[in-house]
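Okay, so subunit A shows up in both of these, paired with subunit B first and subunit C after.
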Partner chain A sequence: MGSRMKRYDVVMIGGGHNGLVAACYLQRAGLDVVVLEKNDWVGGAATSRELTPGFTYSNCSYVCSLFRPEIMRDLELPEHGLQVVAYEGGAVFTRDGDYLASYRDHDSHRREFARWSKRDAEAYDRYARDVTRQCRFIQPLLMRTAPDPFSFRPRDISELIHLARKFGEFTPSQIAQTLRFWTMSISDFLDEYFETDVIKAYLALSGIIGTALGPMSPGTAYVLLHHYMGEVDGSVGAWGYARGGMGAVSRALASSFQAWGGTIRIGADVEKVLTRNGEAAGVVLCGGEEVLGKLVVSNADVKRTFLKLVDEQDLPDTFLHRVRHFKMRGSSGKLNIALDSLPEFPALPAGSSCIRGDLHFTDSVERMERAYDDWKAGRWSADPFVDMVIPTQLDPTMAPPGKHFMSCFVQYCPPKVEGRDWTDADRDAFAETVISQIAEYSPGFRERIVHMEVRTPREIEEEVGLTEGNIFQGELTFDQLLFNRPVPGYAQYRSPVKGLYLCGSSTHPGGGVMGAPGRNAAAEILRDLRLGTKHMSQAHDVI
Partner chain B sequence: MTSFDVIIIGGGHNGLTAATLLGKSGRKVLLLEAAGNVGGALHGYEFHPGFRAGGLAHIVNRLDPDVAKLIGLQAELPEILPTVALSETGMPAVLRGAYGERTDGVTAAEAVRFSELREKLLFQAGILKRFLKRRPPEIGAVTAGDMAAFASAGWNMIRRGREEGRDFLRMLLMNVADVADEYLTDDRLKGLIAFDATLGIHLGPRSPTSLLGLHYRLTGEAGGAAGAQFMPRGGVSALAAAFEKAAVSAGVTIRTGTSVTRILADRGETKGIALASGEEISAPVVVSAIHPQMTFLTLVDAAELSTGFLRAVKNIRSKGNVARLDLALERVPEFSGVLPEDHRGRLVIARSIDHVENAFNPAKYGEFSEDPVMEITVPSLADPSLAPAGAATLSALVQFAPYQLGEGWEAGKPRFQKVVLDVLERHAPGIGKFVLGSSLMTPADIEACYHMSGGHWHHGELQTDQLLVNRPVNAACRYSTPLKGLYLASAGSHPGGGISGLPGFLAAQSILAGERR
Partner chain C sequence: MTPGLAARLAGQKHIATPRRETPFHPRLKELSETNDWYTWAGCKAPHSIFDTELEYFCIRSQAALFDISPMMKYRITGPDAERYLNRLTLRDVRKLAVGRVQYTAWCDDHGHVLDDGTLFRLDADDFRLCCQERHLPWLLDSAIGFSVTVEEETEVIAGLALQGPTSFSILQAAGFAGVDALKPFQLARFPHEDAEVTISRTGFTGDLGYELFVPVGKALSLWDRLWTAGRLHGLKAIGYDALNRARIEAGFIVANADFVTAEGALRTDRGRMPDEIGLDWLVDTEKPFFNGRDAILRARERRTLKHILVGLEIEGNIPAEHAIVYHRGKREVGLVTAAIWSPLAKRNIAIASLERPFGERIADDLCVEIYAMRELQYRKLMKRAKIVPRPFVRLDRRTFTPPGRF
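Let's look at the complex of A and B:
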């Protein structure tokens, strides 16, 4: 019977954006690829769903900027319907009824800073220059496989030399500054430039989004970079909305994949990875069906892959130990809200463009850090940090005319509540905490709510499959970056099981809707198969 | 105007070490100390009639062997003192030998796990150690010696196999809590290493990079045993005397009670110093063994330095978190479950990782901990002269107590002292009844008393971004500074604080090397 069964070249476990990116590249290289997705839709955490009639929710990820333009071009995503609308503006509301506006244009932004502090406005030039320099160093690292410092293979050694050369382009004092930057907390880093609380709070947010760290934790300056590396239409650090919600990214990827002959199976939940003589040979679906493949690639996170899908006996002890201790603690929640009209924020001047961007209520770094203290103690933040956007102002396709979709990303939200599992009552109380915070700044907010979806790490794990609801498939701390991600010695997308690869955000360079892990994994697979990577453009330095 | 070859500002142990080394090389050295006596943090004080504290440092665990030789400390192996992790409810866990070669009071399985972790951390500290006794490498002009150090570190990293090397690079910047959770199950041991990793540093055990604090402790040694701690015969004050004696016999002129108000410089070159009295003393080389921020922000004319350099100096984070409590006791204290002879060691109150983390949280916001963690010694056991016969002194380093308390220390101090005494009472029931007198020094007091900016005994946070080429700032990381002829030699320079003598030693070496060139 086995001989009559179709055997694919590649079986992809999971149709998240990285899985789809890898699948696209592999299919284009002439391989026969099948993507198996447990849900009835693809996209993983880059998805749009209609949960109430007429409204499209970006359920998980909600803004698009990190997605690598090289990948967009290679896979012809605009031709497959992807359109990214850059947005302008944003505001932090302060407790005394004022606000700090943000603008994409450096000079406008600087003028707004000057309204708060002349000194901070001057420092902003220095700050922007210093951060851009750090981006310039990190960006070329994203689209390369991290070299293994202990392999002593020529390829790794030459890659290490390449990186050393890259570093050598800086002056000695810039290198010293880079070493500081990589290990500092975002709070300490900002203290070196700014004096105004609300300005620091506004800039600090990129250092903590998605991480189980507070703004005073060392290493958060690096996380800031992780969120600054994005670009929309060549503008570095800019953010945009995918027209039609984040699912548009996945739909374009799926369409590109299928156009080249790839197969997608939805509702196909993988139960086990099949191995023959210690080599991956396919997967078994829940229900018993086998899907055979010469190679298996997992878009699931490293814990789900190796602790649930692979037989322990196929894995070395040290490897298993490290996978078990890989840290992926969920730290965020999400409220997706359908509104029957645009909310009002009396603090903003009438007609201000700021309402089209990110809105925040946390006006000091201390409030952010205290919100983190709650998470450390196993509670959701009593005074949470909320990153709120209303994309329907720029993308009317997501809601009926005059109505709006609002996405509230909330930090911090623990994977367990004081050590026990989440209950529905906890979830409702968590939502109430967030809603009442918004209502404080937007009178009549509650009355506008038509429908709401609340997601804690529990819901994120259940639906998307991210262990503990960690949106980056693993924390972005030093011990889990570069050649340490996800496991030292296995940071090049391969695993101890021959023929089994990882391609999700658990691998270098990590989370966000970036596509780089999927692309890099595809490059390694093609290298192993001795197939060319001609159709894959190399990383370019954009700054 | 009198003149010397070298003027040393600050008579702490680093200043004395540098002075001794330079004096021995035949230079005419003058050492100036603002206080009435030299020794800095090793110098004692009377805190209650008849009761003295040995010094701010109350145990020795990282005195460099070459520095020990320089000051003529006996070569004989000192007695290694235990560390006792106190427990409120049951028996304490005791680390014996050098940082727990043997453990008492824990299960056999836990003892094995601790010994595995200890072995791994000592191995890793061994790799780091080779960088502590050299000047930080100069980026862009790495010397053959630097290359050799890197190569030997690299070789050592893989000496025990690739996996140990990989683990080193994985763990180097981890937090101590995750490491403790990975290896241990006993809350007392986890609490102890969480405490040791963060003592004197503004980090909690869950802050990334906090493991480095424990690595730093384990790079220290006593009598050749890494991680060991001891008390010199005659206590810490005896050490101060040894440093002073060495300097004097090296021909160093010491002037105490002499405040330097300015470092004289002209067009980028050091010319000497001016004293509070108006007296000026000239020297082509000035070594500042006081805090780098005090050096550049108060002694040097800003016109001699660049804006960028001054900005970097201002950005050095140096706010202390540790308070020091001294108690005059009617009799030797007894801590629950602790053997009498173990009272000569170091007693630590840190019940669990969470205890340390929760003690740290308030410090972030300028508040003190209501349930602090601390390390305790009974100095009068090593140096009976500190207390009248039969009586005893107790010294506790308590954290977290921020330098800038929101409510102000004047109001906060009595309240904090009560908090600390309550914690002590829980571990040594009845101790309150024997207290004859006490003194609590907050970081603000330590700053005033010992002239350390921020009351920080490392003269600057010992965190990753302020280490090696960035200690105290990049442009002054190799002891020389942008001002020709001015050198740094305090704990604010590489490799940092603790009674090691290395910053002074390395500073003197680099002055000597520079002149040879």
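Let's look at the complex of A and C:
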């Protein structure tokens, strides 16, 4: 081989959305980048596939708001077909036949909450204000490399000063509030604002999505923040659908990347990272083919990268120890359902927009915590909570007219069933718990089902490569954020192996279809190569 | 306490009318020529009814009827009501006699104003607090430990402001016997059909005027009673835009227009102490502890007050709404929060928030930068501004008792 073989500037392991974001920025900086994706499609957990004729699913992630608008613009994603459509509202069904809806319109929202408690209806404004304040603090940190407080390099020190200054704008009571926010449980946090169970249950959901914790576990208040800090066209906290399914994000990224001359190889499963004299030199694919590169970037999660793709002998012990103990326990499953008509929910008021948003069935925090108890015992929740959306009411591209795609995100769902591997029978039983819950509130639901894809952590790990099926490539608790994500001393996208970088959600600022890890990783790589980053926008001002 | 299922189910239909219609809406809708509505505290409210300019002159020359039903109303009752309100608000509620009304304000622990409003003492243990913003969580939380009941009654009590020189004549013509005895800030109850209407000599115009409160079921018949009586006295219905002109002339401030309320502010530096929005005179330092007291006194003592609210008289006739205020033409020292050409004073007036010491020790050499858009071109004007006392206009008829007939 040797001299005749092509050597890329950058070999990207994995074509998840973060890998593609990083690849786009690197390619645009003049580098020659190849993306190697093991699946026959790109996108990782941001994928849309047609598994039954006429229906497109958002197979994993399904709602979009975290994706940074700065990145959409830099990479010209609108020109490559990306459109994010805002939606409104949602509802929780209560067991007594009522519901609690949520609306974009401030007064309708208040009046709806006031049906349950006049006090809570007004307290919601306080709550939204406090959460928004925290988001305004965090948002600008998303698009910056987390400073390493122990390096004492001038850049880290100036970043720490930047942080301290942002913090300095806070009053002492707000600083106290911030520290509490980052460490409290979502249940305790909500108790400080609300008295009504169903309201707390509705809001608590964001605190436990993708996290192997219950609403009463400390640290879950921050998880809520992580879900709240997204925006749709500047409206913080709003959510939207990527038109055409979440895969539209990855498709637009792939198209942008290729338009700048980048190479994508699908069906290219990386088996090993090649090192020469302790430096990354390329990868070996399953089957033995070598793909050479001056640098290697991994979009796979930190465990997969360092425990599977890199030889232990190339890595220091403490580092490996930290990687092994990085928490990425699977906690979620998903049902993607093709329906031959729009399901009915008799409890909801006719004509209300809430059916176009997120629908839940769990009306108390207690029920959520009980659902978590099942997970701890190694079982899927007998009474799970479901975040259900029907995006085809706003997106006509995903199903034939009159037919619908329904996405059901389900928690909790353990990586192993009572310590043993999942079986197909387990998977079907898990799906049945969810379907029967929906059917309780939607008569005739089963009869509408045309096709269904059921995903437990087993399927998520197998297909997307997310270790243990953890949806965020690592839990989003404060011990695993900022300079601790994924490993202290290695939070700036570099690794102990020279020339090997990480760019997936395992890195700062974490999971979700956000693109920020990929963008920040590209910035660090370009810095190491002494190449300009003028084509990368800074975070939008928060004024 | 969560309401029962039946009450909640009955409430579901709110979604059919995202903008609540006030009890007077049927009359307003009928009278509205401009069909120009906005949302006030979730209610459909008129910007104007027929012509803002002419509506304004009704306030100043005849009488105007303005629907204040969307205003937040809290009923505070119980043996500790006085003590509770005395701790909540800035003024001494012990000095508020039964049948009197106090303009007041209340603060958070940092001494930042939560809202201003009017406190009606209906009886020894019975108060009504009216204001712009919603405060139920605050009012309930601060009631812990007091023997009081706090209830929001915005949707069950309808309110009307009857303002202008002939307002007294109209009330008399409508048969409210004894209304002549009402002094400013005094209230009394009058029979209306088989219910009662509370009439107070209060208002937001700086003119002779009254505010009337009735249970919603009696709203329309009260309107009709006034309307019939007003026929010979030039009574007209008006929208907010006309009222806003009158209130600026009177120098009154509006929460979340002239200052940002402490609970509403997302940016923490936006909170304002009473002394920073011209409400220093409300703070009673002699009375027992009230919320925000220590912070206010500390700021006074340490001279850490940052802002000041002033009245400005500006050269020329172009309103300076939201203009930046400069000192010596260079240094930014504040912002105009409300401004109009005053038809009554024949002056260009404004309310502005300045950064101390400007407006306090340094009061000369101020000017405002007005961007006047004229046929798609900005005319940028630098106009001299002079600090003047508020109110900008003073009307003797506001306080005469018994009031004049016009």
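Structure notes:
Throughout what follows, the second predicted complex is superposed on the first by the 540 of 543 C-alpha atoms of A that agree within 3 Å, B and C clash if a C-alpha of one lies under 4 Å from a C-alpha of the other, contacts with A are read in each partner's own complex, and residues count from 1 in each chain.
The rule is short, and it goes like this: a residue touches a chain if its C-beta (ideal position, glycine included) is under 8 Å from a C-beta of that chain, and two chains touch if they have at least 3 such contacts.
Values in this document were obtained by computation on a predicted structure and should not be read as measured data.
Legend: residue contacts after superposition of the two complexes on their common chain; A:T318 is shown touching subunit B, with no touch to subunit C.
In the overlay built on the shared chain, the residue A:F113 is in contact with neither subunit B nor subunit C.
Using the contact criterion defined above for the overlaid structures, shared-chain residue A:P349 touches subunit C, although it does not reach subunit B. Judged by the touch definition given at the top, the superposed model places A:F409 against neither subunit B nor subunit C.
In the overlay built on the shared chain, the residue A:Y241 is in contact with neither subunit B nor subunit C.
In the superposition on chain A, A:Y441 makes contact with neither subunit B nor subunit C. Looking at the shared chain after the overlay, A:Y8 reaches neither subunit B nor subunit C.
In the superposed model, A:E369 makes contact with subunit B only, not with subunit C. Once the two complexes are overlaid on chain A, the subunit A residues touched by subunit B in the first and by subunit C in the second are 171. Residues of subunit A touching subunit B in their complex: 149-150, 171-173, 175-177, 179-181, 183-184, 188, 191-192, 213, 216-219, 318, 322, 325, 327, 366, 369-370, 373, 376, 477-479, 483-484, 488-489. Those residues of subunit C that touch subunit A in the complex are listed here as 2-3, 5, 7-9, 11-16, 18-20, 39, 42, 110, 134-137, 140, 152, 263-266, 268. By the touch criterion given at the top, residues 96-98, 101, 103, 105, 107-108, 110-112, 114-119, 122-123, 125-126, 129, 132-133, 136, 169-171, 174, 196-197, 349, 351-352 of subunit A touch subunit C in their complex. Residues of subunit B touching subunit A in their complex: 138-141, 158, 162-163, 165-167, 169-175, 178, 182, 203, 206-209, 311, 315, 317, 357, 361, 364-365, 463-466, 469-470, 474-475, 477.
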